[in-house]
């Protein structure tokens, strides 16, 4: 995230905030700075902690660690009813015993506003959300979209400094959602209020936001402008979550030269170690496809071709066996031999966080190590004794996944799947709560429960 | 084949019970109406109703019963509402055990509970009478007030409370502006479960007042038990039924969703 | 804040104390052989032994009353459960306006005070010229218990996948087989709580039984106690009996409650 010149620009500062519910850590060291008037979207899959973060801002739950400031004032311990922020709830939470007018007037009445003023304000916001003449209607007689508008009106009538929106469009159908996206964006412009918007819909985030905060597993993955997030994702998760992409393993041969799919490509990235292992991202629309000719970088065969309205979406198998997703305005027949070209500026290289699994464990005896919530057989390692804390290194392809949990020494759930062109890179969250990674040709689904097996000869054990 | 087709449609599975309901619920209630407008010999008459209006003793008992029922209901709300609110507030109490303890007495025979009340009064050397009657009735029916109120508050969507806080409501305001209005259906349903049974109670008033005070239910019972006043008894039952119908219609608009979830 | 919690808790416990004091007194005085409550004549199990050795004043009638109560409750609860479960499935799959009307009639016995239910059934049996006794009491009990069975089965149906019955028929099951092998397993918890509920209600009933038992000397526990109390004062042995009943009902309800809180957790 870019550092602004003046710190006073920040309206909200989330400072090293963590949150746990019992043993379960939901937010892990979150820091986030929001400028006045900004439209910030917190984006992530369900369970990533985005709603918890919003509830911390609203004051419905308390932080476990860290602090939250509003215009420089610490509001960490301030109850929700004294925070100058208002929330648009996911399922609207309109009071069923009150009509549209009374719902919107609720906050103003609590502040002892005069009834003429309330009248004026309610009419003002009803006009903003396009619901004039609905004052007397019972809220349960309204459609989803209308309830949504009333919920927004009820929040903005209090002139909050920050408007918090918790997946406000999730319950609407596609057409309505598209319309409301534009309207919300328009409202944001007109009201000049800071919007903090939570969603799991990447397209919504790209359309509406000034800044996107991508979250996963309780951590912020990346903060940036929509174009930056799309073009320069920092890791495979962000690349995969935002838009379609081809993600491949590569090796940085030198500055501006990266090898992947058995071919050296020119690129624009610098500052890597020689021969450093990297992840390469290429968006499907950035691969140029043409009939087979000899001057191209890569050759392949079209495996499938689907018309998507504006463009065709094709999968091409390269001669070296990599599967690539390509979008192009021209149609190529299935089975047709084609050539591919990728421009240097369209290749995005990302540093790898890990090249192999490094698992903390404890030696049970000379030939058994306890880790990942199970006991694995291993080869005796000189100098390592029973009871010693060790780090076990296992290459990604050496982690075997079993259909039945009792076939493995430990078990876990497939929590993230990344297709790397010729194999899957899986994240498995073990029952003990650790993540390990496996490269495999087998097809697994998100949420599959698997047994984890590692052969003794595939483990390298070092003292910790 | 035709039989199989009939069985196949699951909606037809309710037919036996529908017939049963007609025979054992609808028809008997209609019979109350029929008997109420008949003399001993079976001819049509209105004398049973004129007798009710003219006989001051019955009318007085009727009015007295309504008075006692009102007092009992009010006391049940005053005592029961705070209890239900505390029980449903997770910040103040934990676990279902306490709730269960409050509901349990609901399932003990009302005669036994009344006898137990007598035992308590004996034990404390208190005189039986009107005081014992009201205490006994409140004691008997309090769980029936607490339970529906508890149930309604419990089911209030947490996001309403958060929304109210978000809009600036303090704890007290959250209660007065959101929780209380939303719990009104529970109170209404509690009133239904206390007020009506209290008017129609019999046996209990005799036990608790040593036969000094009688409620409307006792009068109905006395008349029903003798064959020559059976028609008069039916007429009194019909009056009771009309009160039930009116109260139900008045309250049903508010408490439609309350029957979900069962009693335990 | 903490003070508030203490106040709230003390209020609840005070109420519970009042609520349970009368029951506690009966149980305490069931362990002394005295003519009336409030008069402690030393600890003794006489009232319990009298009850079981038949030395109480009306022990013959007490035994008969206990047996009648249990017999009637078992028969009525079984019939209600079968009738009500079948009906619940039927009603659940009915269309408006039939669904609404049958639900309305189903609610009537639950809204009506017992005395009205009792009187209406009494008039039915009188006008049909049926001699009142076991049969009429059981029919009456089925009439007011079945609505509760319907009520406890319906939530299970709401939660059930609506297509599994069709799936069973599609795979070759007859309607009866589909009911037995697919629907019953799904609604079983509801049926069990419905049965226990019906059983408890039947044991507890007083008013309906009083009006439908006839005059041939059929007594259940409630009517016996009523007659006894009417004669002035409670037979001392009834204190021990009442204590036993309290405990039985308590245990039944705890089982029932465990079941339902378990099913809540399963959700």
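Order of writing sets the chain letters: A, B and C. Residues in each chain are counted from 1.
Here is the rule we go by: a residue touches a chain if its C-beta (ideal position, glycine included) is under 8 Å from a C-beta of that chain, and two chains touch if they have at least 3 such contacts.
As the structure is a computational prediction, the values presented were derived from the model and not from experiment.
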Path length in the contact graph (chain A to chain B, fewest steps): 1
Chain pair, most C-beta pairs within the contact cut-off: B-C
Chain located farthest away, centre of chain C as origin (C-alpha): A
Rounded Å distance between chain A and chain C, as computed from the means of their C-alpha atoms: 55
Rounded Å distance between chain B and chain C, as computed from the means of their C-alpha atoms: 17
Touch list for chain B against partner chain C, complex: 4, 7-18, 20-29, 31-32, 35, 79, 82-83, 86-87, 89, 91-93, 96, 98, 100-102, 104-105, 107-113, 115-117, 119-120, 122-123, 125, 139, 142-143, 192, 196-197, 199-200, 202-203, 206-207, 217, 220-221, 224, 230, 233-234, 237, 240-241, 244, 248, 259-264
Contact footprint of chain B on chain A as seen in their complex: 58-60, 79-82, 85-87, 89-91, 93-97, 106-107, 110-111, 154-155, 158
Contacting residues of chain C [partner chain B, same complex]: 4-5, 8-9, 11-12, 15-16, 18-23, 25-26, 29, 36-38, 83-84, 86-87, 89-95, 98, 102, 105-109, 111-116, 119-124, 126-127, 139-140, 142-143, 146, 148, 150-152, 155, 165, 169, 174-176, 179, 193, 197, 200, 203-204, 206-207, 211, 222, 225-226, 229-230, 234, 242, 245-246, 249-250, 253-254, 256-257, 260-261
Interfacial residue positions of chain B with respect to chain A in the complex: 157, 159-160, 162-170, 173, 177-178, 181-182, 184
